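The first chain written gets the first letter, and so on, giving A, B, C, D, E, F and G; residue counts start at 1 in each chain.
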C-alpha cells in the first residue's frame, strides 16, 4: 500500500519528462523564513528530474520488496516510516532551489538513514555502523553547511538560482579554495569517497532493501548530485578538477580492487558501489562534455544494475541465511528469477554490449580518451583497471552464487514470493531495455540533466553502436580481463598481502585511532580543568580575573594619585583599622576554629565602628546584630566539627598568598582610581530632597529601603525566607540513596 | 508606557509561593497551586509579550518613583520574550514535578522554592536597575542552593558546596562591579547608566568596571574558564530541578551579559576578541567534556557549557546578525535544555538509572515516547529544520562576515560533537538492550495514568515548542531581529525608562 | 500578679524613655505594648512583694557607686603600678537571698563592684562562688558582704 | 563650667577604660583579667554616657543614656559570670598567687555545681 | 583648645589606644576565653567610643547604635560560653 | 548549660529586648532602625532565652512554630506592596493615613511593610537557629 | 583617610581570597564572609566618605541644611548584608551536613567518583 506514495510521485515525474526534456525548468516557491532568504523553493530541471525519477521509481520497487522482505517484523511500521521520511528527504534534496533547504533535506537523509542502518538496533554492530555513518555524514554535512553559508554570503543569497548567477563572484573570491574544500567535504563524505568511504561497508548492516535503496541508488548519490548541481557555481577551476579527479580516481581504483577481496556479498557490492561513486566523482572532475554525459549515463546505469544486485543479495540472504560467498553456489535453479535478474544486472555492470552498462562504460572511455591533456591515456588506464575490477565484482555478485554446485544445505530452497524477485527483475530488465534503446534515455533524461549541469545545451545522443573504435576495443578488453579475474579470484582465496596491508592502514582504522586519541585528549583536558578540587577552580577563576584586571589597568595607562583630594587620616580610625587588620591576620594564622570565629566577630565589630564614624548608624546596627547572630550560628554548628584541618604545604601557601595579595592589590588600585575620579552627579540628592516631603521619613536610608527602593527589600526578604526554609529542609530531610527522585 | 501588569508574571509566582508556604506540608494542594500558577504565569507572560510585541517597550515605576530614582521594571522585547519562554519552561517543569518529585521533597518546600526561583528569573529579566538585578540574582541562587540540596544526598551536597562557593564568588564580583560603577557614575538605573557611562572622562575605568560584570555574569553563565561549578553540580539534584537549572539558570547569566554589554558597556575590539576566545574555549571545553561522560545528566551538563559558548560567541562577534543568532539560540536553548533534563528524569523513571552503560531498550519498549525524545535530541543537535538549526546559520554567517574562522570552526566542531554524543547516547540508551544490573527497574510502567501523563506531557509540550520554533522560524527571527535592534539602538529603551 | 504589673509598668517607662516623648498617650501605648509582650510570654509565676523602698534604693545606689569608685581607684592603681598587690581567691559565700530576683540583683551588684566577681551559683541556689581580688581573710570578707551589700539589698527587696 | 565637667567626665571615663585595657593586658590570670575589666569599663562608659547626657539638652537623650547604662549593668555581669564559669569548668589555671579555691572539686561530671551544705555546716561548727 | 579638639585629639585616640591594648591581649590569648573577654572589653570600649563620637559630632543618633551594642553584645559571650561548655 | 543567673536574666531581658526591638521597628522611618534591625533584635531576644532555658521552653513562649512567621511576614509585606494596585497606583507606592498618629508619626503602607519585614526576620532567624539547635545527627 | 580604607579593602579581599583557597570548609566559609565584608566596605568607600553626618533629616527640618553621607551605598550595603546573612546561614548548615556525611572538614574529600552516579 505504501508503495503507492512513491508510485504516484513517480508517475507525476514521468509526466514531467516531456516538459523538462524540452529544456524548461519548473519552479515552485513558498516563502518560509524570508528573513534568512530561506524559502520552500523547488526547481525541477533535468538533473533533479533524473534523480527524482530514480528516487521514486526505485522507491516503488523497494517498498514492494521490503514489504515482503521484512514481512512479520515487529517494527515494520517504523521501518516504512523512516523509509518514507528518507525518500521525501531525498526528493526534497534534489528538488531544492535553496541551499539551506537543500541542507535541511541533506541532514534529514543522514538522520533517516541513521535509523534505517540501525534498524536492527539490538545488534551492536548495527548500532556502531549507524553511528559511524551518521558521524561521518554529519561531519561532512556541517562542513557543507559552512561552505553553503559562505558561498551564500558571497553570492548574497541562498537561492541556487542566484548562486548560479553569482558564480563568478564566488569563484574569484579569495576564500574560494576554502569554500570548495568545505563543500567537497560534504559531498565526499556523503558519497563515500576515500578516505571517508569506510562508513558505507559498515552501513551494510542495514536491512538489504535499505542498502539497495540508500547505498546504491540514492543517498550516496546525493554527494554526486550536489557536485553536479554546483558544477556551474564552483566547478571548472583547476582545484575543482584536481580534487575531484584525484579523490574520485583514487577511490574508484582502491575500492574496485578491495571489492574483489570480500567474502560477504554485500561487502563486494559496497566496495563496488564506492568504486562507482569514485567513477562519478572522477567524471564530474574531468568536467568535459563527454565526461558529464558519461556521468549522467553511468549514474543511471549504475542505479539500474546495482539496485537489482542488492535486491538479489537480499533474496539470497533471506532464503539461505548467509551472504558468505565461500558458501554460496548453485542457487540458480531454485532461485531462478533472482538468478536471471542477477545475471542481467551483472552483465550490465560488466558493460556487456546491449546493456545500458555498456553505454555507460563506453562513455567513460570516451571521456578519458578525449581529455585534452597529456594525461588522457593515464586516465584511461585508470578507468580500465577500475572497470576490470567492477566487472569482476559484478560477476561475483550476480553470477557466483547461482553457478556451480549446489551446497547440501541449500538443496531444499523454495522460490521466494514474487514480491521479492519481481522488483529486481524489473530493474535488471530496465537496464537491458535502456541498453537496447539508449536514444530515448539520452534525449529525455540525460540531455536535460547535462544541460542543468552546464547551464547550457549540450547535445546528447546515445547509441548502441559507435562503430569499431578504440573505445569498443577497450570495452571488450575490459570485459575479458574482468571475466578472467573473476575466474581466478575465488573468494576462498585469502586476501593477498597487498590487500591485507590496505586493510590494516585503511582510513577507518586511522579515524578510529584519531577518535580514541581525541577521547584521551578530551579526558585529559577535562580532568585538567575540571579536576574536582574547589581550590583549583577558584585559583583558575582568580587568575583569569587578575589577568583581565591587569590587562585593563595596563591599557588604562599610568595614573597619579592626588592626595590632596583625600580626607586627612584620623588617628582613632586608624586604630580601628589596625584592630581590623590584626584580627584578619589572626584569622589567617590561627589553627583554632573558635579563635577564627572570635576574630571574625572582631572584624565585624570593627567594621561596625567604621560605619559609625562614617555616618552610617543603620549599617552599624545591622552589621553588629547580624555579626552576633552569625557567631551564634557558628557556635551552634561548629562545636561538633573535627579540629581545623591542618595541612601545611609552604609552597602552596606561598602560591596562594601571592595570588591573593595580587588580587587584593588590584582591587585596592581600582578603588583608588575610582576615588580619584570625580563624581559630578548623584541620584541621592533626590532622595535627600524628597525623603521627608514625599516619603514622610527622616531616616533617608530607611525611606530608601521601604519606599524608594522598596523592591530590593521586598525580595531580599524572600532570600531570607528561602534560606530559612533551606536550612529547615537541609537538616530535616534526608533521603536515602535508593529512594526515587 | 507605564503598565502595572508587567510584573504580573513575577507577582503570580510570589503569591503562589506564599500560598504554598501557607499550605505547608499539604502537598496535593501545593501541586494544584503550582500548576495553576505556572499556567497563569504563562498567560500573563503571553499577554505581556503580546503587548510589548505590538505596542513597544513598557515600564513600571515601582513605588511610583520615576526613574532613575526608583526601581523601574522594563519589558522590552528581549525581556518579555524571555519571560514568555521561562513561563513555558516553568509550566513544563511544574507539571513534571507534580509527578516526578518525591513527596518527601514536596513536604520540605520544593514547590514554594521552585516558584521563588521562577519569580527570581522573571525579576532578573524585567528589572531595569542594576542593583535590583543583583537582588534577583541572589533570590535565584539561594533558591537554587536549596533546590540543589533538597533531599540531602551525598552527591547533592558535595556538588552544592562547589556550586555555592563559586556562585557566591560570582555574586561578589557582580556586587563589586556595582559598587565601582556607582562610585564612578553615582547611579544605579541601567538606562541612566547608559547615558552616564559614555560621559565618564576616564573610559579605561569603565573598561575595568566591565571586567567585574564579565566575571560575575561569566561565572553565572558558565563560560570558560569560569564554568567549573556547572559540571560539578548539575547532575546531582532531582531532574525537575536540574531541568530548571539547565534550562534557565545559566541563561540568566547570558541574558545579563547581553543586557550589560549592549546597554551599559559597548565592548571595544579587545573585549570582543576576548569574548570570542572565551566562546571558543567554552565550546571546546563543553564538547570535550561531553565526549567522555557516561552519565546522561553529566553529558547534558557538558553540552550546556558547550552551547553557552555559541551564545557568548554571538555576543563576541557583536554584529547584528551574530546577536540575532545568539538570542535565537538562547530561546531555543532554554526550551531544549529544560526538556533534556526532564527527559533525563523520565529516563530515570523508565529505567531507574542515568548511566548509559546500564540503560537501554527504551526504544523497543516505549517507541512513541522515544520518538518524541528523538525529536528533542535532534533539536538540541540542530538538525534542520528544528529549533537549534536556525541560530547556527546566523552565527556561522556572522562568523564569516567577521572573519572569525576559528570561531566558526569551533561552532561546527561543537555541533558535530553534539551530534556524535547525542547519537551515541541514543544508541546506548534507546537502542541497546538494557544491562542486567539490578538497579535497572521500570518504575514508570506501574504508575497511574495521570502520573504518566504528568511526566510525559511536559516533554511533549516543550518538544512541540521546539518544533514550532523551528518551523515558524520566521516569526522568531522577526522577534529576534527587533530584539537586536533594541540592543544596537538603545535610545528607545532609555527614552522609555527616563521619559 | 503584682510582679507582672510592675514589670508592665517598668516596660512602659522604658518605652517612654526610649521614645523620649513624655506624654500620656505614649505612656499608655508603652503600657499596652508591655502588656502585649507579657501576655505573649505568659509567665505563670506568682509574685509576693511589690513595694519598693525608695529611700533605701537611693541609698543603696549611692553606696554602690561609692564602693565602685573607691574600688576602681584601688584596682587602677594596682593595674598601672608594676607590682601586684592583690591576693586573689575563690570564696564560697552562703547567700541569704532566696528568690531569683534577689539572687540576681545581689550577684549583679557583687559582680559590678571592683574586686569581686560571681563565678557561679550552686544548683540549689544557696551558695555563691565569688572570685575575690583582695582576699585578706575569708570570714571577714563574708561578713563584710553580708552586712554591706546583701543586707541593704534585701532590706529593699523584702 | 559645663565644659569643664564634661571634660572631667570624659577624661575619667576614658581613663577608667584605659585602665581596664591595661588591666586586661597585665593581669596574670584569666579571672583577674575578667574581674578588672568588667567593672572598670562599665564605670568608664557610665561616665562617658553621663557626659553625653549633659551635652545634649533633649530629655530623650538623657533617658537614652540612662537606658544604655542600665542595659550595660544588666548584661555585663551576666556575661562575666558565664565566661568565668565556663573558664573554670574547662580548667583554666589560676594564678600562682591565688590564696583560696573553694570551687575546686565542686562540679560533677555534668557541670552541675554542688552547694555542699554538709561541708558548710561542718565548717561553720568548726569556726564557732 | 576647644572641647571638640580635646575629644578629637585626646579622648578618641585614647579610647582607640585602649582598644588596641585590649586587642593585644586578644592576640596573645592564650586561651579562647581570654580572647572572648578581650572582645567583650573592646565592645564596651566601643560603646564609650560611640558615645564620645556622638558628642563630638553632635548627633545623638549614634547613641542608638551604642544601645544595641550594650544590649546584645553579651549574646556573643554567652554563645562562646555555650560552645566551650559543650566542648568541655 | 544551666545557669541560674542567665535564666533569671533572660526572664527580664526578653521583654526588654522585645520592647527595644519594637522601638527600633516603628522609629525606623525617623531614626536609625527599621524592620530588619528590629526583627534581628527580637530574634536575639528569643535566642538568648533559648540559650538560658532551652529551645523547647522558648518554643512554648512563642506558641507557634517560628516558621509560620515567615509566610505571615512575607504575606504582610506582599500585601502592603500590592495594596496600591487597588488604588490604581504602581505596586509599592506608599499610601498614608492622612493624620499623624501620636506615637507612630505618619502611618502608611511602608510601616506595614516594615512590620512584615520584622516578623519575617524573626521567623527566619528563629527557624534557622532553632532547627540547628534541635538538630542531632 | 580614604587611603587607609583602600589598603584595608585590598587586605580584606586578599585575605578573603586566601581563605577560600584553603582546604578547610570552615575557612572557605570565613573567606566568603571576609569577601562579603570587603565588598561592603568597597561600596561604602566608593560612595564617598562623610564623617559624622548621618543621612537622617534633623527633626526640625524638612530637608538637609548641611552635607550628609550618601544614603544609597548604605541602603545597598544593608541589603547586601542581609542577603549574605541568609546565604551564610544556609552555607553554615550545609557545611554541617556535609561534615556529618563525609566526616571531614577537608574540601578535597568531596569527590564522589562518577561511578557512583545513579
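We take it that a contact is a pair of C-beta atoms (placed from the backbone, for glycine too) under 8 Å apart; a residue touches a chain by one contact, two chains touch by 3 or more.
Computed from a predicted model, the values in this text were never measured in an experiment.
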item: Pair joined by the larger number of C-beta contacts - E-F, A-G; value: A-G
item: Central subunit by CA centre of mass proxy; value: B
item: Furthest chain, CA centroid comparison against subunit F; value: A
item: Euclidean distance of C-alpha centroids - subunit A vs subunit D, Å; value: 80
item: Computed distance of Cα centres, subunit E from subunit A, in Å; value: 70
item: Rounded Å distance, subunit B centre to subunit D centre (Cα mean); value: 59
item: Inter-chain centre distance, subunit D versus subunit F - centres from mean C-alpha coordinates, in Å; value: 32
item: Residue numbers of subunit C (touch at least two other chains); value: 14, 18-19, 21, 107, 118, 120-121, 123, 125
item: Residues of subunit F touching at least two other chains; value: 1-3, 5-6, 9, 12, 16, 20, 24, 30-33, 36-37, 41, 44, 47, 67, 70, 74, 78, 92, 94, 124, 128, 131-132, 135, 137
item: Set of subunit E residues in contact with two or more other chains; value: 15, 17, 19, 36, 53, 61-62, 64-65, 67-68, 71-73, 75, 78-82, 84-87
item: Chains grouped in pairs wherever the two touch, ordered by label; value: A-B, A-E, A-F, A-G, B-F, B-G, C-D, C-F, D-E, D-F, E-F, E-G, F-G
item: Touch list for subunit G against partner subunit B, complex; value: 20, 25, 28, 32, 35-36, 39, 42-43, 45-48, 72-73, 76, 79-80, 83, 86-87, 90-91, 94-95, 97-98, 101-102, 107, 110-112, 114, 116-118
item: Subunit B partner contacts - residues on subunit A that touch it in the complex; value: 31-36, 38, 75, 78, 100, 103-104, 107-108, 111, 114, 118, 121-122, 124, 127-128, 130-131, 134-135, 138-139, 142-143, 145-146, 149-150, 152-153, 518-519, 521-523, 525-526, 529-530, 532, 534, 537-538, 540-541, 544-545, 548-549, 551-553, 555-557, 667, 670-671, 673-675, 677, 679-684, 686-687, 707-712, 715-716, 718-719, 721-723, 725-726, 728-730, 732-735, 737, 739-741
item: Of all residues in subunit B, those that touch subunit A in their complex; value: 14, 21, 62-63, 65, 68-71, 100-102, 104-105, 107-109, 112-113, 116, 119-120, 123, 127, 129, 131-132, 135-136, 138-139, 142-143, 145-146, 149-154, 161-162, 165-166, 169, 173, 176, 180, 183-189, 192, 196, 200-202, 204-205, 207-208, 211, 214-215, 219, 224-226, 228-229, 231-232, 238-240, 270, 274, 284-285, 288-289, 291-292, 345, 348-349, 352, 363-364, 367, 378, 383-385, 389-390, 393-394, 396-397, 400-401, 408, 412, 415-416, 419-420, 423-424, 427, 430-433, 443, 473-474, 477-478, 481
item: Subunit E-touching residues of subunit A, taken from the complex the two chains share; value: 570-572, 574-576, 578-579, 582-583, 586, 592, 594-595, 598, 601-602, 605, 608-609, 612-613, 617, 620-621, 624-625, 628, 631-632, 635-636, 638-639
item: Footprint of subunit F on subunit B - complex, ascending; value: 2, 4, 7, 11, 14-15, 18, 21-22, 24, 60-64
